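This report concerns only the one structure given below.
Chain nomenclature is as follows: A, B and C, assigned in order of appearance, with residue numbering initiated at 1 for each chain independently.
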C-alpha cells in the first residue's frame, strides 16, 4: 500500500536519512525501530510533507505522494499522529474529534465515525466537554488516536505511541492498534519500545544512523541475536 | 468627581473602543500566523482614507461604506499575504517573528510614503451631518461618531468570538494558532487559514480606520502610533488570546485619559507606553492570557 | 578576503577619507560624507547589539538622541567640546546599564517591542522638555568650517569600526555570537548570557552616543527631539541589513549605498525614494540576508557571509 524507495532527507546541510526503502502492505502493522537520533521521526515528517525530501519516491496505492501538501495526504487517508500530545490543548475533547474529521471525505461519515470512536474509547465520551489539557497522559493518547480515526485513515502513522505512558496503558494502546489493523487500516509505527513493538508488528525495520540495518517479521527479529543484544537486553 | 475628569474618562473609554478594534486585527495576525505586522497601523490609515474618499467623492456615509472598506481591504490583505507574508511564514516561529518585524517595517515605510505622495500630508476627517451630534448623560457629552467606534468594536469582537467558537473554520483557526504542524496533520489547509486570517486582520484594521476618520482624523503618519496602541492592547489582553481584547483596549483608553488629567496631555502617550513596559515585564502574557504549550 | 588584505584596504580608505577632508571644498560632498559617517557609526553600533549579539533593538535612537542632546547642551552652554562628549558617553552608558538590566530580561520580540516603546516614550518626553530649536550661535555659524565636524565624525566612525573588529576577535564577542545563535545552548556551555547581552547593550549604546555627538557637532540647527526620532533607528536598521548584518563593514557599505543612493536618485520626490529603499529592504530581508557584504564577498572570492534568517521550510528542529 505504501511503498518508499531510496528516501533521503536532510536538515539543511545535515543528511539524516540515507536512502531507505520500506513498505507497508495492506492490513498490516509495520514498525520502524531504532535508537534516538536514528532518523525515525524525520522519516515520518518527510513522508507527510512536513520536511523536504531530498531524493527517493513515496507511493501510496500507486500514487506518487512527493510534493503533495500535507492536508491533501490526510484527505487521501494517510493520517499521522505526532509524538506526544497530538491533540489541541486549547480545544475540548469534542472539538478535537470534530476537527479530526476536517477533510471532505471524513466529513460525510462524521456521525457514524464519532459513534465508533466513542465506542472504542468510552472514556472520551465521558469527557467530551472537557478541555484536552485536563486529560491524563493515557487519555490524551486515546484522544489523539480517536482524532486520527475521525479522519477515516487508510494508513495510520504513529510516532512513539508508548512514549510517556504507564506500562498498563501501553498495553491498552497496543491492543487498540491491533483492533484498528483488524478493521482494515494499515499501521506504520515508529517505536523506541522494541519489545512491545515486535510483539504487535507484522513486520519491522531497524533504523540506525539513517539507514536500515535489519528487517524481518516480528518473530524473526525477536529471534535475531544482534537485535536481542542491542535492543532486548537479554 | 469633577466634570472635567468625568468627561475625560468617557472620552478615554470611547477611544479605547477603537483601540480594541484595531487590536483585534493585530491579535488575529499575530495569534494565528505568528507574524508581527508592524504595518498594521498603515492598514488602518488606508482604511481611513478609503472611507474618507468614499464619503467626499461618492457621498457614501461611513457606515454605508463600512462593508465596502472591509471587502476592499480584505482583498488588499490577500494581496499582501500572497506577495509578502507568505514567504515569511515559511520559516519556524522564532525567525518568523523577526523576519516579519523587518519585512513589515519596510512595508510600513513604503505605504506611508505612498500615502504622503498621493493623499498629501493633510489631516482628514469625515464630517457628516451628524458629526456634531452627541448624547448628553449627566452633562457628559458623548459624541455619536465616537460612540460608534466603541459599538463597532464590541460587535466585531462578538462576531469574532462566535466564529472562533462555533464554526468549523474558527476551530481550525484556533488549532492552527496553537500548532500549525498538528493542524496540517489534521487535514487543515494551513496556507488557506493563514491567508484568510491575515486578510481579515487587514480588513479589521481598515474598519478601525474608518471609525478613526469619522470620529477623529487620519493622516499618512498615524500608522506607527496605532500599531503601537494595538500592540499594547494585545499584550495587555494576553498575547495569543482573543478574549478580552476590547476590554483591554477600553482599559488602555481609560488609563490614558486619567494620565492626561493628572500628569498633563503631553504625557498621555508616554503613560501608555510605560504601563505597557510594566505589564510586559511582569506578565508577558498579559492579564488574560494563558501559557500556551 | 584575508585579514591582512582587509586591514590594508581599510587603511587605504581611511587615508583617502583624511585626504578628502583636507582638500575637498565642495560643501555638498562634505555634507553627504559626514552624513554617511554619522549614519554608519550609528548603524555599526546597532550592529554590535543586533548583529553580533542578535538582540534586535528598535529603540536605538534614544542613545543617539541622548548623545546629541547632552553634547549639544553642554557645548553650546560653554563647556569644551571634548568634555561635553565625555559627559554624554558617561551619562548614556550609565543609562544603558539602568535600562538594560530590566529590558534585557525580555527575549526576542518582547525586547524589540519593549525597546520600541521605550524609544518612542523618550522621544515624546524629549520633545516636551526641550521644545525649542537648537541652533548654533551666530558667531559659530559665520565661521562654520566643515573640518571639525568632518574629522570628528571620521574619528567616531573609525572608533566604531575598531570596536567591532576588536569584538569580533575577542572572547567577549564570541560569547555574544554564541548567545545570538542559540541562547539555551550558550547557557548550557557556561556562557553568562545576561552579562554578554548587557555588555553588547552598553557598548552599543556608547558608540551610538558618539554618533549622536558627531551629529551635535555637525548640525547647524535642529529640534532636539529630532535626534531621538524613530527615523534614526529605522535608517540604521535599514542600512545594516542592506550592507549585511553581523559583518564588519556591512553598516558602512549600507550607509554609503543609502545616502548616495538617496542623493543620486533620478526622482526628486522624497516619497518614491522611501518606497525604493523600503522595497529594497524587504527584498534583502527575504532573499539576500547577507546584504551587500555577501554580494561583495562573492565578487572578491570569499565564501558567503553568515546568514541571518534561517529560511528552511522545516517543521521541527533536529530530532530522530
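Here is the rule we go by: contacts are C-beta pairs under 8 Å (C-beta built on N, C-alpha and C of every residue); 3 or more make two chains touch, one makes a residue touch a chain.
Quantities reported herein were computed from a predicted structural model and do not represent experimental measurements.
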Graph distance between chain B and chain C, where chains that touch are linked: 1
From chain A, the most remote chain by mean C-alpha position: C
Middle chain, criterion being Cα centroid separation: B
Rounded Å distance, chain B centre to chain C centre (Cα mean): 32
Intercentroid distance (Cα basis), chain C paired with chain A, Å: 51
Chain A and chain B, separation of their C-alpha mean positions in angstrom: 42
Interface hub residues of chain C, defined as touching at least two other chains: 312-316
Interface hub residues of chain A, defined as touching at least two other chains: 50
Multi-chain contact sites of chain B, meaning residues that touch two or more partners: 181
Contact set on chain A toward chain B in their complex: 48-50, 69-71, 74-75, 79-82, 85-86, 88-91, 95, 98-100, 102-103, 106, 147, 151
Chain B residues touching chain C - in the complex, by the definition given at the top: 36, 84, 87-88, 90-92, 94-95, 97-99, 101-103, 105-110, 112-114, 116-117, 181, 224, 228, 231-232, 235, 266-267, 269-270, 273-274, 276-277, 280-281, 284
Interface residues, chain B side, partner chain A - complex: 168, 171-172, 174-175, 177-179, 181-182, 184-191, 292-293
Residue ranges of chain C in contact with chain B within the complex: 56, 102, 105-106, 108-110, 112-114, 116-118, 120-121, 124-125, 128, 230, 234, 237-238, 241, 269-275, 277-279, 281-282, 285-286, 309-317
